[in-house]
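The following pair of complexes shares a single chain, chain A, combined with chain B in the former and chain C in the latter.
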Partner chain A sequence: MKKYNTFYSVPYVLWLLLFVIAPLVLIVYQSFFNINGQLTLSNYREYFGSGTYLRMTFNSIWYAFIITAVTLLISYPTAYWLSQTRHKQLWLLLIILPTWINLLLKAYAFIGIFSQAGAANHFFEFIGIGPQQILFTKGSFILVAAYIEIPFMILPIFNAIDELNPSLVNASRDLGATNWQTFSKVIFPLTLDGVKAGVQAVFIPSLSLFMLTRLIGGNKVITLGTAIEEHFLVTQNWGMGSTIGVVLIVAMVVIMFATGERKKKGGQRR
Partner chain B sequence: MKRKWFDWRNIYLWLVFLVLYAPIFYLIFYSFNAGTTMTRFSGFSWQHYAELFADTRMIEIVLDTLLIALLSSLIATIIGMLGALAIYGIKKVWLKNSILSLNNILMVSPDVIIGASFLIFFTFLGLRLGFSSVLLSHIAFSIPIVVLMVLPRLNEMNHSLIDAATDLGATNVQVLTRVIFPFITPGILTGFFMAFTYSLDDFAVTFFVTGNGFETLSVEIYARARQGISLEVNALSALMFLFSLLLIGGYYFIEQYNNSKKARRRNRMGAKLIK
Partner chain C sequence: MANTIIKFSGVNKRYGDTMALKQIDFELEQGKFYTLLGPSGCGKTTILRILAGFTDASAGTIEFEGKKINDLPANKRKINTVFQDYALFPHLNVYDNVAFGLVLKKTAKKVIHEKVIEALRLVQLSGYEEREISEISGGQQQRVAIARAIVNEPEVLLLDEPLSALDAKLRTAMQVELRQLQQRLGITFVFVTHDQGEALAMSDEIFVMNAGEILQQGAPVDIYDEPINHFVADFIGESNIVKGRMLADYQVEILGHQFECADAGMRVNEPVEVVIRPEDLVLTTVDKAKLTVTVDTQVFRGDIYEIMSHDDAGNEWLIHSVRKTAVGQQVGIYFEPEDIHVMRFGESEEDFDARLESYEDDADEKV
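For the complex of A and B:
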């Protein structure tokens, strides 16, 4: 089958070279050029030298952290209790269904719900707080981002809980552990891989969401993604945009290592 | 563990479901509004659907989006399938693992990075932005998911099947079309399906590489949403929701078909063993 193997691999290897490796190399290459097309390190100097970019990066990471935390807090109990229901696969399907709706449409729905006279303000009036400015605030950005990411967090956690051997939970109960002890000493540590996968699936996109910062956040929040989009498509400063892109790639690799690789080593230790 | 219907854990689950679905149904509900805002419902009407169907520009965009999704997922499925076969044939473990890591780069990269790097790439090649650049990008980011769907099926395959076929005098092409293909078809179908939905849903990558002349649905919705509320978009979202339901129905049909086929095969094998 040797001969045929080389034949199969031609288009695939071409894809690897042209659409995986070449774009990565090009974005790194581009990051060494300034807006006038001169080869220079000035983009990196500006990025790490001026406080603006560092503050933006820090803010972006901070917001991604909050979004991930909110998502995790909502998703873990959901996944946990979902795994105990009778038709759990059906319920899981219903959780995943909203991810099939176009992201833009969901964001668009919130423009209506959070608007001056929208449903959220009707509710606030009803409970006596009175109408608030909700759209175009940092809070609304976090809420909508969390809303969009929730299914991606529930899914891996649900799978981890579903794979958990129930006799371990029973054993811990039999040995006299309280519900809280069973959860914190047995269930949570054993489903940590699912949590990590979920964090990975939520944190990285949260760093790069750019249409939400425009549509919902009203440009009050600038994420790394927004900054890249701004540099590439608005100010046309591709060099600086690529520099931020390289930073985002590095951040991504760090997160992947922090949430992925430890799995194997931890497994050995245990 | 028996549970009463009004258990507070169930209430929590219902709340989560409510939150997940409320915005979608909110959108659909207001698509039937006789007025023009998403805040006051002034009566039932089909007028926004009529507007939508009279909007030739929008219909053109919908058709373009579907065309891109179909073409890109078809081509990505072919290349991805060949890629999975190639990876399956690799004997060296380190090589296999490094190719798999390369394969997954586009799966984990943020959309913005994919979009920006493709934009640089296309500009570097001198390719005009538009239909072809969008199509190429969609093919590119769909290939890894096809590989990931097909490869497990190949690994599941019993290698003695191939050996038996070769021993019985099958040529390589026959082994491929008569033995391997039928076995991995479910993986290929799932991969095609995932690629199709990836393409339909994509916004960020398309936004970067689309240039001025060509638009997909996501880009158009973004442009309209930035201008404010237009209930035509609501009508469109209702139709797209129905379409997603159909797609999911199709997906589950494929899964069920695969499972029943697997079960049938198992039964047949069991029957043979009993004999």
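For the complex of A and C:
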């Protein structure tokens, strides 16, 4: 029995070693070398010492926060509505469908829509506002990022709401709760785990978005993702790029723990 | 009725093409224990949901203390429910679950505390305030559900098969406790179950339902002794049902023999069905017998022997006997005239009641 278990774990362990452990070790290792290949802590000193990098970090977190907030605001009501409909699996599929299309393709599609002569500007002209600069603005960046992340927010929330026992809602009404009280005291607290999972799935990837910042945001938004790309591809300062990577990884772990499921211990409250 | 608290008049419920409830009329009196009894899908839970306000009636009126409440939302009704799956809030502990309704009403903290402690004491769960729902047993969860409902001091408490998830022993204990609780609180209980034993043990009055209709309504003893039709007889307790023919008042023919019985008011030679309860059949010798049967199986149940047998015409007879017999043996069975319950085909409850009344008056006059 034991032998078989080890045997089946081979692909997983290989994958883990090659694509998780090895890159992590490499990144951490790289981050201790400066551009001249000397072993040093200067990268970290520079990162935490310079206003540029801290501002970039703040930018990343700020935009990831906005993107998460926007997706959550749209996703919760959507997921709630979806769970009430008949044929909910079909509606859900329609929301998941766009995730099957390559991200780059979708980004280019938005460039087409938002460009000077794009569909969006045609519409603005039609209603008399006149053409606007849409592409390469912070707004368009947030919009496209939210569009891409929404399915990852809706899915966990939908599952949480769908698993909610409907008689709990009836019980709440029965005990005198209004619709709003039922939502705030029963439905939302009981679907919080879904919200947390959604926030994780959206916030963490949003921290290191870089392609959209360039293609849609026109580098108006500089995040840590952009910085990493620049260091690896343009300045060739792999050490600094790795340092930012390490910071990002630490930030992700922190967020994972902060939003992760914590088992409630009995009788802790009050 | 004097203290009518709930009145259903002509209540229908349609789900698409299916009629879940057909023309339901009844009145419930204040302070009584009512049971809606029937097989699954008979509409009993639908009545409960309409009462609680979770679903609307398609037609008809529902009155509460004389006022129509069809359009009153669930949270405005002075009715609370104990759900089949208890529906306790898993994110709240026992205390907060019970306090839920009172907190919504913005009751003072001190009052809430007193009431919650009292409600938990009533269901014998003192000291469990701080427990999480996942930490207590099914039976305890069930009590919390009851406490959570009664703490709001409802006029009517609805119970939707609340004992079905409990093991047999606990269920029997809870039946007694629920009945005592109802009498102590003096409020109306409407209890839904498919378990006839439960219904007979607890209720002041039982409504036997099938296929969206109330077939018979009455005290447990009346329903047991005078079932209106085959379905009720079969559903309430075990019964032997055979075809017969009414020869005259108080004379019925079964299997070619003429018997004296306690029923009257039917046409001469009317085909009827006859019910005899297994516990009313007494084993005797063939020469003293009213009917002779051959024993097929015999099962010892502890308090009684459950004997399956058949007569010459092929009818099966279930006998509950304290005395033992032997498989394959010919035995006689004996019963008294009042053990025979005659049922007419397709008789409505109104006609049934009227007929019973007519000849019971007769009988009284004779005495």
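Of note:
Heads up, the rule we're going with is that the second predicted complex is superposed on the first by the 244 of 270 C-alpha atoms of A that agree within 3 Å, B and C clash if a C-alpha of one lies under 4 Å from a C-alpha of the other, contacts with A are read in each partner's own complex, and residues count from 1 in each chain.
Throughout what follows, a residue touches a chain if its C-beta (ideal position, glycine included) is under 8 Å from a C-beta of that chain, and two chains touch if they have at least 3 such contacts.
From a predicted model like this one, the values you see are computed outputs, not experimental measurements.
Judged by the touch definition given at the top, the superposed model places A:61 against neither chain B nor chain C. More residues of chain A are in touch with B than with the other of chain B and chain C. In the superposition on chain A, A:181 makes contact with chain C only, while chain B stays out of contact range. In the superposition on chain A, A:69 makes contact with neither chain B nor chain C. When both complexes are overlaid on chain A, the residue A:164 reaches neither chain B nor chain C.
Using the contact criterion defined above for the overlaid structures, shared-chain residue A:190 touches chain C, although it does not reach chain B. By the touch criterion defined above, A:249 lies against chain B but remains apart from chain C after alignment on the C-alpha atoms of chain A. Applying the stated contact rule after C-alpha superposition, one finds that A:35 touches neither chain B nor chain C.
Residue ranges on chain B touching chain A, taken from their complex, read 1, 3, 9-10, 12-13, 16-17, 19-24, 26-27, 30, 37-40, 78-80, 82-83, 85-86, 89, 99, 102-103, 105-106, 108-114, 116-121, 124, 136, 140, 143, 147, 172, 175-176, 197, 200-201, 203-204, 207-208, 217-218, 221-222, 225-226, 228-229, 233, 237, 240-241, 244, 247-248, 252. Across the complex, chain A meets chain B through its residues 1, 3-5, 8-13, 15-16, 18-24, 26-27, 30, 74, 77-78, 81-82, 84-85, 91, 93-95, 97-98, 100-113, 115-119, 147, 150-151, 200, 204-205, 207-208, 210-211, 214-215, 224-225, 228-229, 232-233, 238, 241-242, 245, 248-249, 252, 256. Across the interface of their complex, chain A is touched by residues 52-54, 73-76, 79-81, 83-85, 87-91, 93, 95, 100-101, 104-105, 130-132, 135, 148-149, 152 of chain C.
On the side of chain A, the complex with chain C involves touching residues 165, 167-168, 170-178, 181, 185-186, 189-190, 264, 266-267, 269-270.
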